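In the two complexes that follow, chain A is the common piece, with chain B as its partner first and chain C second.
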Partner chain A sequence: MTHELRMVGALMRRGLNEILRVPGGAVPGVLAPTIFMLGLSAVFGRAAQLPGFDATDFRTFIVPVGMLQGAGFTGAATGVNLARDIEQGWFDRMLLAPAPRPVLLAGVVGSACLRSLLPATFLLAVAFALGVDWPGLLELALAAVLVMGLAAAMACWGVVIALRFRTQQAAPLMQMGSFVAVLFTTAYAPRELLSDWLRAIADVNPVTHVLEGVRQGFVGDVTWADTWPALVSVTGLVVVLGALAVRGMRRQGY
Partner chain B sequence: MAAIEVSALEREFKGGVRAVDGIDLEVQAGEVYGFLGPNGAGKTTTVRMLVTLLRPTAGSARVAGFDVATEPAQVRRRIGVALQEAALDPLMTGRELIQLQATLHGIAPRSVADRGDELIGRVGLSRAAERRVGTYSGGMRRRLDLAMALIHRPEVLFLDEPTTGLDPTSRLTLWEEVRRLRDEGTTVFLTTQYLEEADQLADRLGIIAAGKLVAGGTPAALKAEVGRPHLDLVLADGADLAAAREVVASFGDRRPASDGCHLSIALEHGAAEIAPVLRALDDAGFAVAELELKQPTLDDVFLEKTGEHLEGGDEPEPEPAGGPAVLG
Partner chain C sequence: MKAAVLGLARRALRNSARKPQFLAPLVIFPTLFLALNVGGLERTTELPGFPRVDGFLDFQLAAAITQSLLLGGVAAGIAVALDIEGGFFDRLIASPIPRVAIVLGSVLAAGVIAVVQVAYFLVLGLAFGAEIKGGVVGVLAVLAIGVVAGTGFGALGVMIALRARNASTVQGIFPIVFVVLFVSSAFFPENLLSSPVDSLAAYNPLSYIAEGMRQPIAFANEAGPFLEGLAAAAGMTAVAIALSVMALRGRLRDA
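Entry: the complex of A and B
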């Protein structure tokens, strides 16, 4: 077990290496959620005055969406990086190591979890500077756990696509996963204001529960009723997409 | 004891392309086995099956005593692999890559640094160890790749065209390392398209063409099978090659000329026939500009087995105006 943990740690370090050595490469993924938050707030800021929003302003309502988008970008980037590793032969080197396939996957996904905190931190720093309500430390910690969980799930999705198509040209498909998953939720308006068809989809979309789990604390108080569905949903996403990713890994070679 | 045993190994890809078509071979522990063939012959596909990166569609293979299909993890623990492209993360330093490879192979942390230093020194990269790999030359990358393949002291080392694209100095350095590994008792499975490399390094050879193993044995035995030396002649400008071929036809078998502009003949009785051949050409009015008596090479073996030359085989043979440059 110790060996396996060291392998995971070594692969996570490699994943983080890119941010440290080519910081410019991470800039778009870090900035995008913040730009998104600023842009949407400028356009739809007054929507927060509609009944049902329960937020002091639209920025507070939309910040959790940006955090999940950052997690989605990080997950997609993980898939793109893996596709690049496949194209360049590095992935073969990983497969040739006598490490169990789930360990290799854990290293790749673990790195995505940590990296997802970067866009979220930058977004929060800007948001708080602009006056977004401080949700509290425990609430932020819960939000961070959910963001990292969604990043892990989206990284697994990226890995599945990378292993299936084995090319960086599949990047749009990797990004589409999180884009669609976040879009069909209560991201942009409260459930009560959604049209019937979108509300029906949002109700069964597990990412809706993750989003509401992150949003509590920013909008209203943290409750167990909103927390457990979020934790169950994000765990379910990680388990299902992780299983698919492990299956994909096991299909490579032997 | 056999380090590698392969029986009726096949790999068929989508569309019915059979890249490897029923290969049987055996590599003894401690020997360097050269796997010689042109581009597209099936060398890399065979290696990828033996190192557990690609499933065979038929047949079986055992490496270091374990079946590649049913015991892949055991195989991976016992092999080192340097694939055709030295896949290295350009953002990491040489030392970091060695340490990562050591960790992935389960080497204890207290041993990683020592083993890493030993291998970095062995492949002559001590001064470049802290530099990012993106700044390395092709030869340095190959040497680092080799060091990474050796990190866990593998029983069997697979080198897939390790010197392709390298300059002569880097090539010689790698050859020396392969010889040293053999001396240390490591079994080496070396694929190459270079005749000289196979001749220099391999204890035994397998020649593969179009997915089939067409010959096997020691380089000396394979060359002895081909047998006779051959005489290459370049005639003075303006000579009638067709007429010259008629003149020398009685001295030996026809051979394809490698460049289509000279005569080549496998002599029945070796060097003793040089003078009679020259006399016959002289009597017929042909002036010989150059001549060379060549001993059989692995290219001759390849030619004998496949009907084609190995080196330069990608290019069509030019045909002179008087027809193909084949003596007959």
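Entry: the complex of A and C
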């Protein structure tokens, strides 16, 4: 068990090293959520004046979306990095290591969890500097857990796609998965203001609960009624997508 | 010269058709954004000061086209950067063709792809209930501005590729596409934008390009916005082509 944990740790460190080794690859993923937050609030800020909008400030409303977008981008980047490792033959060498496939996956996904805190931290620093209210430590800790959980789920999605297509050219598919999952929710407006078709999608999209779980600290108070669906949803996503990723890993090299 | 430009444009188009994974994001991402903006913010048409439109889709179509054309510019840049990385560009330089044709071929291909992009979004809009108020003349006006703008964005992409010389750097400008788009009135009426974006939008050519295309789609044919949009697109295209030719000369000097 100790040996396996050390292996997970080594793989996580390797994933984190990517940030320093290829900063050009990491910077867009770190900047993009903040750019979206700033851009969307500047462009659509007046939407907060609509009757039924439960936040007085659109920027505050959209900050949690940016945090989850960062998690999505990180997950997709994990898939792209794995696809690159497959193309360059490093993944085949990793498969020869005396470690169960789930351990290899845990290392890859674990690094995504930690990396997802980078865009979220940058986004929050900019948001607080621009006057978004401090939600509180407990609220931020809950948000961090949910962001890391979603990053893990999206990394599993990226791994599934990378193992299936075995090329970096599948990157748009990985990015599109996280894009749809995060934004086809109550991202832009409260449920009551969405059009019927988007409300129907948001209602069945588990990421809606995750978003509402992160948002509750920013818009209103944290309640157990909003927290448990978020935790159950993110756990469910990690379990389902993780199972698919493990299945994909087990099929490699045989 | 003409044969070389056409030949290189044909090659660029053939390569694009062979690699749909590069072309698909040009329409898929703007389509998703269009759906999201319309589905999430359709009630914003009720805000005081919002121009009278039949639906938010009518208003947002021009934004989706502009976004798609900008991404087309990134794709054109990536294609040139891949040619540089793969060595094809060096073989082109050694061949007996006018050097300017190397730039113009890629730029022409971007213009042709722009026709497809504009047509796709107009058909998509019609399929989901939008109405092009300007009729056939309006469609031609949108096509005219879209194709000229798409050509210009292609030239900008080529210029960046010639300076950067690698595809990953060109790909890295993706977020910048959104920055320039957000500081324009492409997505929302200028009078409803927050400060200081509302002031910046007045100087952003993308505002005029998007509004030039929006006018015949959401309102009616009117010479003023059309000419402003066309002039902004043509001016931007002329500057972008000049910059890419300069970047090519710089690259040739270094070679």
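Everything that follows uses one rule, which is that the second predicted complex is superposed on the first by the 252 of 254 C-alpha atoms of A that agree within 3 Å, B and C clash if a C-alpha of one lies under 4 Å from a C-alpha of the other, contacts with A are read in each partner's own complex, and residues count from 1 in each chain.
Note that in this section a residue touches a chain if its C-beta (ideal position, glycine included) is under 8 Å from a C-beta of that chain, and two chains touch if they have at least 3 such contacts.
On a predicted model such as this, the values are computed, not experimentally measured, just so you know.
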Contacts of A:V27 with chain B and chain C, given as first, second, both or neither: second
Partner chain in contact with A:A187 - chain B first, chain C second, else both or neither: second
If touched residues of chain A are counted for chain B and for chain C, the larger one: C
Which of chain B and chain C A:H3 touches, first, second, both or neither: first
Touching partner for A:G45 - first (chain B), second (chain C), both, neither: second
First, second, both or neither for A:P98, with chain B first and chain C second: first
In the complex with chain B, residue positions of chain A that touch it: 3, 6-7, 10-11, 14, 17-18, 21-22, 88-90, 92-99, 252-254
Sites on chain B touched by chain A in the complex: 51-55, 68-69, 72-73, 76-77, 79, 81, 83, 85, 87-89, 91-92, 99-101, 103-106, 109, 132, 148
Chain C - residues contacting chain A, complex: 19, 21, 24-25, 28-29, 32, 35-44, 46-47, 168-169, 172, 174-175, 178-179, 181-183, 187-188, 192-194, 197
Residue numbers on chain A that touch chain C, as the complex places them: 24-25, 27-28, 31-32, 35-36, 38-47, 49-50, 169-170, 172, 176, 179-180, 183-184, 187-189, 193-195, 197-198
